[in-house]
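Provided herewith is a single structure, encoded as structure tokens, for subsequent inquiry.
Chain IDs A, B, C and D follow the sequence of writing; residue 1 opens each chain.
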Amino acid sequence: MAHLDSSFSTDELAVCAVASKIKDGDLSFVGVGSTGRAFTLAVGIPLAATRLAQLTHAPGASVYWGNLLEPDLSTAPKDICQDTLTRWRAAASLADTGIKCDMLTRRAFDVCFDSAAQIDQFGNLNITALGDYRKPNVRLVGCLAQTEHFAFVPFPIVMIDLDKRVFVKEVDFATSVGHMRKGRTRAEMNLSAGGPQVVVTDKAIFDFDPASHRMRLRSLHPGVTLDDVLSKMSFEPVITENVGVTPIPTEEQLHLIRSVIDPHQVLLRKA
Amino acid sequence: MAHLDSSFSTDELAVCAVASKIKDGDLSFVGVGSTGRAFTLAVGIPLAATRLAQLTHAPGASVYWGNLLEPDLSTAPKDICQDTLTRWRAAASLADTGIKCDMLTRRAFDVCFDSAAQIDQFGNLNITALGDYRKPNVRLVGCLAQTEHFAFVPFPIVMIDLDKRVFVKEVDFATSVGHMRKGRTRAEMNLSAGGPQVVVTDKAIFDFDPASHRMRLRSLHPGVTLDDVLSKMSFEPVITENVGVTPIPTEEQLHLIRSVIDPHQVLLRKA
Amino acid sequence: MKHKVKALREALAPLASGQTLALGGALLRRQPNAAVHEIIRRGITDLTVLGWVATTSLDLLCAAGAVKRYEGAYAGMFNFGLAPNFRRAVEQGAIEVKDFSESTMVARFRAAASGLPFLPTQALMGSDVAVLNPEQIREITCPFTGARLHAVPPASADFTIIHGYVADEFGNVQWPIVRDSDDIDQLIASSAKRLIVTVEKIVPREQIMDTPALTYIPGEWVEAVVEAPYGAHPVSCDAFYNEDAEHLRNYVAGCKTAAGAQSYLEKFVYGLESHAEYCAAIGQNYLSKLRVEGK
Amino acid sequence: MKHKVKALREALAPLASGQTLALGGALLRRQPNAAVHEIIRRGITDLTVLGWVATTSLDLLCAAGAVKRYEGAYAGMFNFGLAPNFRRAVEQGAIEVKDFSESTMVARFRAAASGLPFLPTQALMGSDVAVLNPEQIREITCPFTGARLHAVPPASADFTIIHGYVADEFGNVQWPIVRDSDDIDQLIASSAKRLIVTVEKIVPREQIMDTPALTYIPGEWVEAVVEAPYGAHPVSCDAFYNEDAEHLRNYVAGCKTAAGAQSYLEKFVYGLESHAEYCAAIGQNYLSKLRVEGK
């Protein structure tokens, strides 16, 4: 563990990319996650990134994870079973989740993290149903608070691996509203500022073009080609001249992630 | 204390009258009261009456007093300072008063107790201001939850001593709406069933005439004449043929009040 | 203040097919599974289920064909995947779903708890949640600002079932000081018309009365309280026992088919008479290994 | 997660005349009187005060001529009578009052806490509370049932001040397990834009982190936390000290006239530099007799 390898995983790259978006004092909404890969994307990377930000440029950053407000991220978790969460030390565990919902709707969060089964070119997300909503091909989980995330949080970060069936032209069901839906802008739908700001994938990072409201390629991960990316999307993102390469983690960042933040590989599971 | 006097006080009479209105299983809203006589009327008599009902015909009756739900009334209080309330044993002391307000508005109470600076012939109450609301002769306390009491509780019991300045033709300000206000019935004001059901005074007991919506004399306390009563009211109540005499306390009731319920005379203070 | 302890069967006797049932619990915590087993044994059908973030309780009812409609913010098996029986029934068109987001489901329970015919929300603007549910999500205008909002109706259930930690025999339910508070059980309880609470343990009234601020569901809201230790199994009751990961994995795998779901129900529900028999079938020794108290 | 401990003067420095100020506390419990003394010393005027069931905090501000408008469910001195300075100012037309009932004041703080431009209520039907306040109480129609209701606007304050029990240096405020919960301090705190909390004692962060469910105001909501022992005097901080009945009786008697109110303010506010001087003026030995801890 002490001996660092200068190579890094895609998840470690994502942790550093996400950490760079977190500002000092930011409060981030982190869900309790789901199974396997979805846990890593929705919980593991966000928690590791917040802790990395705390340890580097944003000592005052914090998270609301599950119903733990400012959980102590200095102790690396050994597992994620119920009792570990029950006894996790935190600044607050308010009486019910309704209080957290109020914080969402009164815009008390700065950042949130979202994953989904579908995302479209305008950043609409679907975690509800694939196919016809009333008799779907695949019934998914519902909404959780992801509808609120895009309605009320200024800086939602989407964490999804690139996949042609996931990055679709138009979502079957818009659980969370992006920058345009059925030709209507957020303002026309009575939504204020918000919607997804960054999409972090395993191949590239995107944001959204203010003019067209469409997803825009910002950087390719090291060693990834534009064709790699486009071959995994069912729509073409906006591509400008200044597409960069996603910055690689520094030795210091890798040391912190591997030795301090997640030594038991609970947050970033080995593939 | 053990030797009982067959004579009784007006407050003891009131305790027995109120107790007779409390049914088994009733949940009563009792405020935290105010100073002197108002405390006896709004808190002392209601608590003593509920305890008397518990000890006689209504073992399942209970109160929500302040924010104590089902306080232990079996221990007679020695004083009413903050710490006595803080440490009063109870079944529940819910996280905030908003939860009690929800219980009011969803009609979870059966009975409530109200006192006021003015009550009029239709049972409207005023605890807000005497004179012109915008520049009052006497500014009173506001509303508390008394507006909700008459809007949402099926059986409000009003506790007021008879007084010409209190029993007025029309209240200066209707904090709580009775059976008619400015010529409009409860239904016309979009209020459902409720409003004051009984008015217990130091001279007589009243209810309300369903036809005219006006206060109606039900019984005179022992030794009180109709003229005594009318001389202390600024309006004439409905008077039917069957005006009775308020039942006097039994020896058993007096024993319970004096020796078991309030031996330290905290609830029923000596005049 | 009435003695409210009942047996599970007796407590649930008034529940009938076709009614609306609200379920407490959140993800893998305090799903009222013992009560759900009893409802399934009763052969109840055509329920409208109002949930929050439901897992096993809802999915078991779906396995038994007891549900005709679900309204909630989530239906799944948390880190064990999608809810297999719920999913199959919805995909077959056997269950109608009305989705709500978390804050709007909270608003619906709050409306019911405060006796209001609606509450406003701005969470669903532009979302297909609103577009596809004009029955329950309607546009209104703020009379002060002119802002456009949606109204959502109260989550009004005929019956509500919650699994709590401990209670006295009058139905006053308390939480431990260290617990996982990521749920809305108190709110769901306060919205109930007829509330049945199962608890891990009935404790002496004296213990409750000493710390009234730990009571989160007062007996005044409760119709019946039932002692059902391990009443949330196979999910957890935080501060008492962990989720049973092995059982949950087997459940999700077995319920991939309708036939598999039927054999699960035969083995753990239909074939048993009571919650005590369920605990015996799971094994008391096995269950005790899930316990976390005193850690 | 930021260090938020400040001195009272520093914490209140951003408050300016003409702003809207929400006050926590209920009757004779946890009125933020130390903070109110400081506001009066600052010479702040023209405040709109949003209260709940306010006593000393409001009345002191009225004595100092700092209030132009009050909105709340109560203003008085509980069992010590009417609020003398509030009453005089209102009767002289110097203060405009907008009365609300308890559930509607709760609705207004809830609207602010959840970012909504209004909440509906049925509590004020027919009451002069509504008839005389068309500015803030407007009729609306339920889009589901057609029922007539009123809308009330959010209780939106520029600043909010709460007196709490204990907090860590990051502003996480906890309540004791045995306390008097008859208030809406958590709700008022959650509705705040800029929240200043005074507490009896700053305690180590470790103590807070062990029992996160006892935190009722998280530091994330707090702009500054101030250690102010006896910060609610002359009212009580339940579980810490009782109300000072003698002081309150003298206050109410003395404030029967404007001149009496001025001499009270000279003695206990203007003539002192800080809360520490206030406590010294009252007398530490005298104060310690009000304590109830460990009883």
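Of note:
Here is the rule we use: a contact is a pair of C-beta atoms (placed from the backbone, for glycine too) under 8 Å apart; a residue touches a chain by one contact, two chains touch by 3 or more.
Owing to the predicted nature of the structure, the values given are computational and were not obtained by experimental measurement.
Looking at chain A and chain C, the chains in contact with each of them are D.
Set against one another, B-C and B-D show the most C-beta pairs in contact at B-D.
Between the Cα centres of chain A and chain D there is a gap of 40 Å.
Inter-chain centre distance (chain B to chain D, centres taken as mean C-alpha positions): 29 Å. Between chain C and chain D the centroid-to-centroid distance comes to 38 Å (mean Cα coordinates, whole Å).
Within chain D, contacts with two or more other chains are made by residues 103, 110, 114-116, 121-122, 147, 178-179, 181, 210, 213, 216. With touch defined as above, residues shared between interfaces to two or more other chains in chain A number as follows: 93-95, 101-102, 105, 152.
This structure has the following touching chain pairs: A-C, A-D, B-C, B-D, C-D. For chain C in complex with chain D, the touching residues are 103, 114-122, 138-140, 142-145, 147, 149, 151, 153, 175, 177-179, 181, 210-211, 213-214. Of all residues in chain C, those touching chain B in their complex are 1-2, 110, 112-116, 168, 170, 172, 190, 208-210, 212-213, 215-216, 218-221.
Chain A contributes residues 32-36, 39, 66-67, 80-83, 85-87, 93-98, 101-102, 104-105, 128-129, 133-148, 151-152, 173-177, 181, 184, 186, 189-191 to its touches with chain C in the complex.
Remark: chain B residues 25, 27, 59-62, 64, 68-70, 72, 89-95, 99, 101-103, 105-108, 152 touch chain C in the complex.
Listed in rising order, the residues of chain D touching chain B in the complex are 26-29, 53, 72-76, 78-82, 86-87, 90-93, 96-97, 99-104, 106, 110, 121-129, 132, 147-148, 178-187, 216, 236, 238-239, 242-243, 245, 292, 295.
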